[in-house]
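Both of the next two complexes hold chain A, though its partner changes from chain B to chain C.
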Partner chain A sequence: MTVSPEKPARKLSMKQRYTALTHDLDWTPTYVTEEEIFPFTTFEGIKVHDWSKWEDPFRLTVEAYNKYQAEKDRRLYAVLDGFAQSQGQLGLTEARYMNAMKIFLQGIPIHEYDAHRNFSYLARYANGPGARFAALCQSMDELRHAQTEIHTLSHYNKYFDGMHDWHKWSDRVWYLSVPKSFFEDAMTAGPFEWLIAIGFSFEYLLTNLLFVPFMSGAAFNGDLPTMTFGFSAQSDESRHMTLGLEAIKFMLEQDEDNLPIVQDWLDKWFWRGYRLIALVAGMMDYMLPKRVMSWKEAFELYFEEQMLNGLFKDLEYYGIKPPRHVQWAIDEKEILSHQVYWVLYQYSHAAAFTTTIPDEADQAWLQESYPETWPVFKAAVWDKAQRVQDAGGRYFNPGLPQLCTVCQIPMGFTEPGDPLTQCQRQSVYEGERYDFCSDGCQWIFDREPTKYRQSWLPVHQIYQGNCGGPTLPDVAAWYGLQPGDGAEYLGSPDHQNWLAWHGQAPKED
Partner chain B sequence: MSVSAEPRPVGVDLQENEENRALVEAIEADNEDLNIRHMPGMIRLTKTGQLVINQASVESRLGRPWETHEFQLAIISYFGEFVEWDDDQIVIAWKH
Partner chain C sequence: MQFELRTQVIEPKRKTFTNLVERFGDRPASRYEEGSIDIQAVENFHYRPLFSSDKEHYDENWTAFKLTDPYSFTDPRQLYYAPYVQSRAAMNDAFVKTVEYVESRDLLQKLPEGWSSLVGDVLLPLRHWEAGAELVSIEGSRWAWGTTIDQCCTYAAFDRIGHAQNLSRIGIVYAEGHDHALATAKERWLGDPALQGLRRLVEELLAGDDWAKKLLAVDLADRLLYPLMYTHLDEVALSGGAGAYSLFAQHFASWFADQRRWLDHLVKTWLADPTHADSNRAALDDVLAQRWAQIAEAVTDVAAAVDARVAAGAVANVELTTATVATDLGALGLTVPGGK
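Then we have the complex of A and B:
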């Protein structure tokens, strides 16, 4: 090196380092206007007067970011390697546990990648250096999450069905249109709405419900790799939560005209996100052989206690009210998982995961966790499914379900206060009728009908002849499903292999 | 505008492993009336008002230098806001 800069007299403080290496690297353009460089931050109506007010409480610099992310990856990949080398899959509680992981792998990594793309866009197009740098870090995080999730689950792909074509399934299979439509809805919004959608509503309000009990559940079921990538991802997630909170407060502090816009987005994205993680409710309560907590308990702990009684009291200061349809979500906490899993159970012959009737231990846990509502669902559906099974059959719904136009989940949710009457809402727009599972989804449609009328609804697509043909085998072939990917768990290849690996029964050919 | 003056709980979820034992002990020592809940793989620390993590407390238990940035390796989630994140201290509280 020929250049030897003088050493600074003393080490800069964290705050000074952050300011010097993010905010102070910015400059004011003189050859072109700000609007020419940042053309996408005005059309949504959000008014910003001073971008320099956007700060990252983590005070990260490129150097610190790389140092700690590299350490996180070193730790994670050491675990993955040890797990693979020691044949860790044999130590899972049961093979059926993997069904929850299949839904995760099929539904999430591709959208981590989407998030990576959209945060890259923000890292370029946000006007302020604080926002751009935080978005850049999150963009790299999301790419890391996609990679670590795929690496983690690729080991399981060697031993279990339902994991081989997740990428293709994500674009085609009915239940995977739920996360796909959610993320694509957010990506096709403007940058500020994206920040409220993903940064605030998803990351700060709801992601704890997805990751924390679920990853702790992985730890409880012997799934070391998932626990490790999950907690490793969550350590980034804490930064993302901070970005989301910074984003909403920044918008609210910049101009009071931003309040109604932000409130509307919050109302919309709370409900969109809540419906998306309904899938997690079914997974938590029905698909984990050993459970850490029920959906209801997680909802109370991570949403009602932390968010409604904590965060929203804070946001009251700015005039923000709790999300519009939050009471509906609270009222559903006793029934949500029952309804979701019943949908998954009856259509799993057209899915890339297997399901089964809750066994005795599961039922005892459900009874204890949901003393009011479990008996209702047991009598209404599971006793019947059990009778079909006892007679040598397996109940699958032979028809195609109607999907909610907004959340794209089959219409299996019910009227408030009445767990057995299906809720159906309708709106007519330019002579066409659209159906919804709830007031929340209908409200979202009615705000932006020209957006949601374009929904790619898997069932409609089958009827329109766009999914390989009119019969179930045609559609399954177009989906790329193979025997063993879906249907009943008991007797499935995964189940038989599991028994054979543990010397409990010979594998049948 | 109504602002609730009552102090509310804040909290943090950390990975429960050997690496973080000194950190958890430091938080316990520096935060009175801390609530602790163990879940598989993780530990949940909550407290009414504010939760403080002091670099000096962590270092004295760890027996080596510890940058507050290292907290990122331990944290799974939190609720509240990082009202302070400096070289010597991290503070989680609600601002309003």
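Then we have the complex of A and C:
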């Protein structure tokens, strides 16, 4: 074989080959301008001088992607089929464990799906081919997660309530406006803010806090399909974490003027994400029959140790500071889950999950995990709820709560250092008053009042007559809730079925 | 004879999710249905996009094409993620085997001269067409109203960036492990008059709006380009001693048959919609009025470049295909601008 003189003697390295297959597909347009093709990457003020500096550490090709993913899905679906065939739900710790998965199905797949759609936005509108292809792969992954999560939980839907109308609920039910507003906030921002909001803050900073309670919770409670899904999503997630980190570094390295913009977004999305996963905190401390760890422990490990003492030390180099309001979150770690679960408990008659008073074993665990704060909450609320129950009743709050304009969680959080005084902040914008649960949410509003004044606040909407009618049954019908979807766990259809499946008579309660 | 295996049987409370029962009746749903129908959020949106003051982040009005019920369209291939990646993994395997076979026998180096220049000058630059078509397709993934349409666009986009990568692989084998043939191909894409029609088309589409109109314009071009490059030339190659070309072409031709299935069905669904059929037809007529002549000319230029290298009757083939596609579109009640 002869080598022609203009030909380089050495064959392509892996990196050159990857570049030839991917980045080199790009060209500079001449019939139209670059701005016409990529219209969305300037209005946020982020300056990019050289898109080719976007590194893709995974060097994935379409061929490799399809091969790995096909193999992973073959294994996952084999587990799902086997679990369904063997009626695996009988091996769960308890039926009330399902509440964690109800919240998961109602609040997660639809937003994985949102992430799919908006990573497609980046796959189209990022100016650089490296960033676009990484976003395209993540768009595919997020679609995968939405579908595999639905398929994983589909079997449970056949045997348990609180799952059958997740799609309608996610657009309508009050607590589900928390994740909905979070993701819509990110989707309606620009491409760079999306990368900080979802790519970095959500997928990197907070991802363990979000997924460990669900996936490890599944492993501890006999939920083989969800645990298998979790393992199956892990390698995708590690790619997403890498993309998130790459995105923030890329922006910071491109121009120092980007630093204050990125810091602002980081401050905003840390607090937004932290408030969102407050729901997870309540779930993990109160809804798992077998606990993995407490919220407090998870927060200390996955956030304080790994992020504050790890990641943020690395980001210091770029001038990035730990998120504004982070101290507030640290100060809340011993009270957060108690406050959230108490909200869920008293309003679960209008929800698609059930709640119950922590039983003796739960209370012993809570006492051990929160020796300082559990006794305070026990005395303040649970002893009273128990007295109502002992008298043959069940405490539900008959009113509608005020919601925080930004995070949309009912105003049940408290002043720093005082776990029994409700925190209430207010801002006035163009003559209208807006209320917030915390300094963090107020700060977010004050930065972008024209955005947050648009919030679709479920309680306001009910009062405005947009949710089926003025009474609770009207609203529940509009939500699509059926008997058994919400309210008290003890004596619920799920509870009774569980006892019947296991040959026990329903408890008298 | 098989042994008996008993499992505990518990009567399920319901067969599937409520929205699917309301839609299809009380029957078990397929995984395609559970994973594709009513997934996208549809109401009570919180904030207007910062980049768009007149449309929501999910909005029917990102295109002129509308369906009364977005889920009146479902993918005839019933592809959700898992079967999609599995089918594509199998396609990729087959393609890789072809590459290895062609490489091991130096088949690209043994091509007759005309075919060799056809590969280098015409086929390889089309990787940029595929990359552009990917960008048009992924717009549907962001802007489509409803998951079933989004999903088809997403997979089409991923397929097409895969094609761009596969054409690049051919280029690397063609250059015996180097990338100079790809560099030359890119120069041609940027400067060769025969390719400027296609490049201008895709650049203009990327700069325009209405993702669905753009998707259809790319498809119209594909409907002339794919039969030429991957069906007609496949046959000519076999009789012309260019086996390597045929070996590669088959993969693209069989993908295109798969791509047609959902696109044809989508167009039919648009044109059959109980309330929007007329405006959908008008939108498609718009695309034809605006782009059909440009597309036919662009692909004819490519065909002329083929004929200049191999006596393949490429221009005649494009003429024939143009007439066939025009007849098919006419049969759908569309107005195809008269002969070019």
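By definition in this document, the second predicted complex is superposed on the first by the 488 of 509 C-alpha atoms of A that agree within 3 Å, B and C clash if a C-alpha of one lies under 4 Å from a C-alpha of the other, contacts with A are read in each partner's own complex, and residues count from 1 in each chain.
Assume contacts are C-beta pairs under 8 Å (C-beta built on N, C-alpha and C of every residue); 3 or more make two chains touch, one makes a residue touch a chain.
All values reported here derive from a predicted model rather than from experimental measurement.
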item: First (chain B), second (chain C), both or neither touched by A:Trp501; value: second
item: First, second, both or neither for A:Leu245, with chain B first and chain C second; value: first
item: Chain C versus chain B, contacts on chain A by residue; value: C
item: Partner chain in contact with A:Gln234 - chain B first, chain C second, else both or neither; value: first
item: Which superposed partner A:Asp257 touches (first chain B, second chain C, both, neither); value: neither
item: Which superposed partner A:Ser181 touches (first chain B, second chain C, both, neither); value: second
item: Which of chain B and chain C A:Glu305 touches, first, second, both or neither; value: first
item: Common ground on chain A, meaning residues reached by chain C in one complex and by chain B in the other; value: 67, 71
item: Partner chain B, residues of chain A touching it in the complex; value: 13-15, 57-60, 64, 67-68, 71-72, 75, 208, 211-213, 215-220, 227, 231, 234-235, 237-239, 241-242, 245, 292-293, 305-307, 309-311, 313-317, 319
item: Interfacial residue positions of chain A with respect to chain C in the complex; value: 1, 6-8, 11-12, 16-17, 20-22, 24-27, 29-33, 36-37, 39-40, 43-44, 61-63, 65-67, 69-71, 73-74, 76-77, 85-87, 90, 109-110, 113-114, 116-118, 120-121, 123-124, 132-133, 136, 139-140, 143-144, 146-148, 150-151, 154, 157-161, 163-168, 170-172, 177, 180-181, 184-185, 187-190, 451-452, 454-456, 461, 480, 497, 501
item: For the chain C and chain A complex, residues of the former touching the latter; value: 7-10, 12-19, 31, 34-36, 38-51, 57-58, 80-82, 85-86, 88-89, 92-93, 95-96, 127-128, 130-131, 135, 138-139, 141-142, 147, 150-151, 154, 157-158, 161-162, 164-166, 168-169, 171-172, 175-180, 182, 186, 189-190, 199-200, 203-204, 206-207
item: List of chain B residues in touch with chain A within their complex; value: 1-4, 8-11, 13, 15, 39-42, 68-70, 72-83, 85-87, 94-96
